[in-house]
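Each of the next two complexes has subunit A plus one other chain: subunit B in the first, subunit C in the second.
Take a look at the complex of A and B:
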């Protein structure tokens, strides 16, 4: 498993200054290249802290010899800028990550930082803006855009620098349902086209459901890790951590409670519908 | 409300809009100096005609410029009236204790009135036809020589553009907080000076905290997008001189020459 993991985290702990208990407590996990991983957990479980550790915004506590590796490079003081080139993050608040005064300026910001010559930027920037469907707004100012549009611009800014990993740090949590589905659709297309790795931190169970792998966190520790089906069949565990479960799992749980037996392997909405229709027609 | 925040920029597409903001800013600043070259009726007439030419070239409604002059009209009138009553010399028409109305006083008052109005007109021409962002770029260009005395122009430019970018955001935020506090009974518009100053506290404190939080979020986002101190950054947005700027140059040179020729020594 070692070779195809793009992110490797070993024995990482992190304590914020002025607090006694660690925000992240001795965590280790791997993320596969080209996969979609969701990290779920209730508020304050350390999800966002993990992200800031991955691209070196925070430095792990110096105990248990922590090790973080991104795309084959170990995260150190010297490599932190290389790693930031490979990781693009879309943050939660669309207003607070818009640096440029117009859409084009903002998309170009990452390129400016990397010293890309202007002639190249003139080509890359419109392409990136077009890829997220914002070409009608190239010269618009952020105050005239909706939250969903601002997040799309943030994604364009990431596209422009061609990263290997996209991290969505609750990027859709402040958006309305249509803005949310549009963002997820764009990320999905990008992932397919450039074989990107996506890590999404989310409270939204439908967004977590898109993932190949789910990591469940609680109080800075890693509680469970597995594919979507495995995790969402553990309704009791998730509820005890204060998390939601997908609609299909909720229905299944209620049916089980009212005495209708449903096989364990049925978890998705489609399977459940098929099973219920079949068992109904048998009667 | 959002009309106020974008400076007083009025979108348009006339000649003045196509000019480079650097040229406009320079000419506006220099205009304030050369207006003092005028010292007789002919030169004042010339500079008035030239100012109105600039106003006409914007092809904007007269009301826009009236809005520019209006807030300062009392200052202009006050200064003119002072000139009128306290200047002595020439033929004296009226005298009462310390107040005099003389021929010099009358001409001086009119000169001051014209001078004030024209300076405001010309600066309005610049601000209504140039986006705040362009003005910031132009200021950066003008400040560039300070690099040689180790002034961090790049950082100042970034600060300016971020400040401008957050003006509308903070304005929206202010309105939201005001409405939220109003819905809990805060009263921002009534009472005496002290009561009103106190009423502002529930507005200012959250606004201040919000701004700090925004700053932290923004700096995190900037850093994770590869911004680092002192690195060689390239620029996406650049300013270009065009043929329209030659018109502006010609306008300015002709104006200065005419003023120099016709002013009384």
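Take a look at the complex of A and C:
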């Protein structure tokens, strides 16, 4: 397990200045190389703080000897820049992450920053723009794009630097449904092609459903961890934390309440639909 | 009263190489006091349309009647304050517009700007601080010390505090957690039931199904449908053709191939009822 972990977090706590209770309270977990992990939890549960600790934007509290490792390197003052090269973060609001005068300039920014030769950039930039379906807008001004289009460009900028880990911090929450599934599809392809590790912070239950592993957070603590089937069958836990429950689980619960019996082992949407169709043909 | 658009077109950067049609000959009439949803993809003209409701953008062609005023291409910017008191726009990420030192001052800014006395504005601010679901204890804190979701609540309270007749919201619940989202949608729904008009720009078809009673569907700057939610979501091939999603409930129902539903269920309640009817027949 430990050997193929690209991210290792041990005994990490973090308290924001001028607050008394920690935003992150003694958390430990691993993320496997090449996996897709979703972190879910209500606003203020500490999801985004965790991300900022992983790329060294925030420094853990000095207690319980905290340890953070990314791609085999311990996160320290000396390695932080090296680690940030490996971690691309796409934030929720694309307006806060634009610098270039055109879409192409913006996508090239991260490469310029890293001293990539122009000849290489000329190849990488159009590819990244094409990957997010924005090739018709290569020379457009980012400010003239709609919110969803901007987010695609921001994602192209991240894809261009070819990080080891891509973190989606509610990155698809502003996209329309087709735009969202397109982005997730693109990230999926990149993940497969380059053995990219994906960490997504999301409230979107469908996005979380794509994950190999789900981490549930509440009040700065890690409440539960497991695959989608394990986590999404815990309807009571999710509800008590104010989190979304998959639609099929909600339907099942409501049907049970109105006196229709459904076996316990029926959980996924497919299982429920099959079961209902069978019951309907038997009656 | 009603909101009327007559052959409204809007062109971005007219006469320049960047010229682009934002709205293309849009006409409709909607009754005030309703919960109206505007749907369509990214870039379809939803936000451009919304910005016409309080003349933030003025039509390049055509005519708009709203809140007892008429907006024409020639309307001067001078007398728009009255219109903007009655018709408010809340953009995506309104929390980016917070600026005051305390939460209470930020909420009171809108009412003060529209002529309420200092004291009256503070009273309104207290009322709306609690109505949007913020704890009273945050009133004297800096809005910038709050969580993203709470900052959103402050920004929305700041607009609702001067109680506009027509409240237009662009994806107000995006990025909120499910509990906060439900609470916020409930707030807008209640506001509408109290006699105001709520116009919601959204991608979330479940919100459309649960709250709206009138829907405008935009595509490439054109209004391609204006109907009640049941009507919009009834026609599955049409939705597919226009790449529009449907509510989770109707999607689920469509997979129950040997069930018959007299009306396409749009909400989980209707779906469960429909399943029950089939199984108990």
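Convention: the second predicted complex is superposed on the first by the 283 of 283 C-alpha atoms of A that agree within 3 Å, B and C clash if a C-alpha of one lies under 4 Å from a C-alpha of the other, contacts with A are read in each partner's own complex, and residues count from 1 in each chain.
Criterion: contacts are C-beta pairs under 8 Å (C-beta built on N, C-alpha and C of every residue); 3 or more make two chains touch, one makes a residue touch a chain.
What you are looking at is a predicted structure, and each value in this text was computed from that prediction instead of being measured.
K.L.:
Once the structures are superposed on A, label A:44 by its partner contacts, choosing first (subunit B), second (subunit C), both or neither.
P.N.:
The answer is second: A:44 touches subunit C but not subunit B.
K.L.:
Mind working out whether A:242 is in touch with subunit B, subunit C, both or neither, as first, second, both or neither?
P.N.:
second
K.L.:
Determine, under the contact definition given at the top, whether A:148 touches first (subunit B), second (subunit C), both, or neither.
P.N.:
Touch status of A:148: second partner only.
K.L.:
Under the stated touch criterion, which partner chain does A:117 make contact with: subunit B (first), subunit C (second), both, or neither?
P.N.:
First partner only.
K.L.:
Which partner chains sit in contact with A:163 here, subunit B, subunit C, both or neither? Use first/second/both/neither.
P.N.:
Once the two structures are laid over each other on A, A:163 reaches no partner at all.
K.L.:
A:93 contacts which: subunit B (first), subunit C (second), both, neither?
P.N.:
A:93 sits against subunit B and subunit C alike.
K.L.:
Determine, under the contact definition given at the top, whether A:220 touches first (subunit B), second (subunit C), both, or neither.
P.N.:
neither
K.L.:
Considering each complex separately, which residues of subunit A are in contact with subunit B in the first and with subunit C in the second?
P.N.:
In the superposed arrangement, which is not itself an observed complex, subunit A uses residues 93, 95 for both subunit B and subunit C.
K.L.:
In the complex, go through subunit B and note every residue touching subunit A.
P.N.:
2, 5-6, 133, 161-162, 164-165, 168-169, 172, 213-214, 217-218, 220-228, 231-238
K.L.:
Could you list, by residue number, the parts of subunit A that touch subunit B in their complex?
P.N.:
52, 55, 57, 81, 84-85, 87-89, 91, 93, 95-102, 104-105, 108-118, 121, 125, 141-143, 157, 161
K.L.:
Sort out for me which residues of subunit C touch subunit A in the complex.
P.N.:
12, 18, 41-43, 47, 92-93, 96, 147-150, 171, 174-181, 203, 205, 243, 245, 248-249, 252, 255-259, 268-269, 271-272, 275-276, 278-279, 281
K.L.:
Taking the touch rule as given, give the residues of subunit A at its contact with subunit C in the complex, in rising order.
P.N.:
Residues 41-44, 92-93, 95, 144, 146-149, 170, 173-179, 203, 242-244, 247-248, 250-251, 254-255, 258, 260, 269, 273, 276-277, 279-281, 283 of subunit A touch subunit C in their complex.
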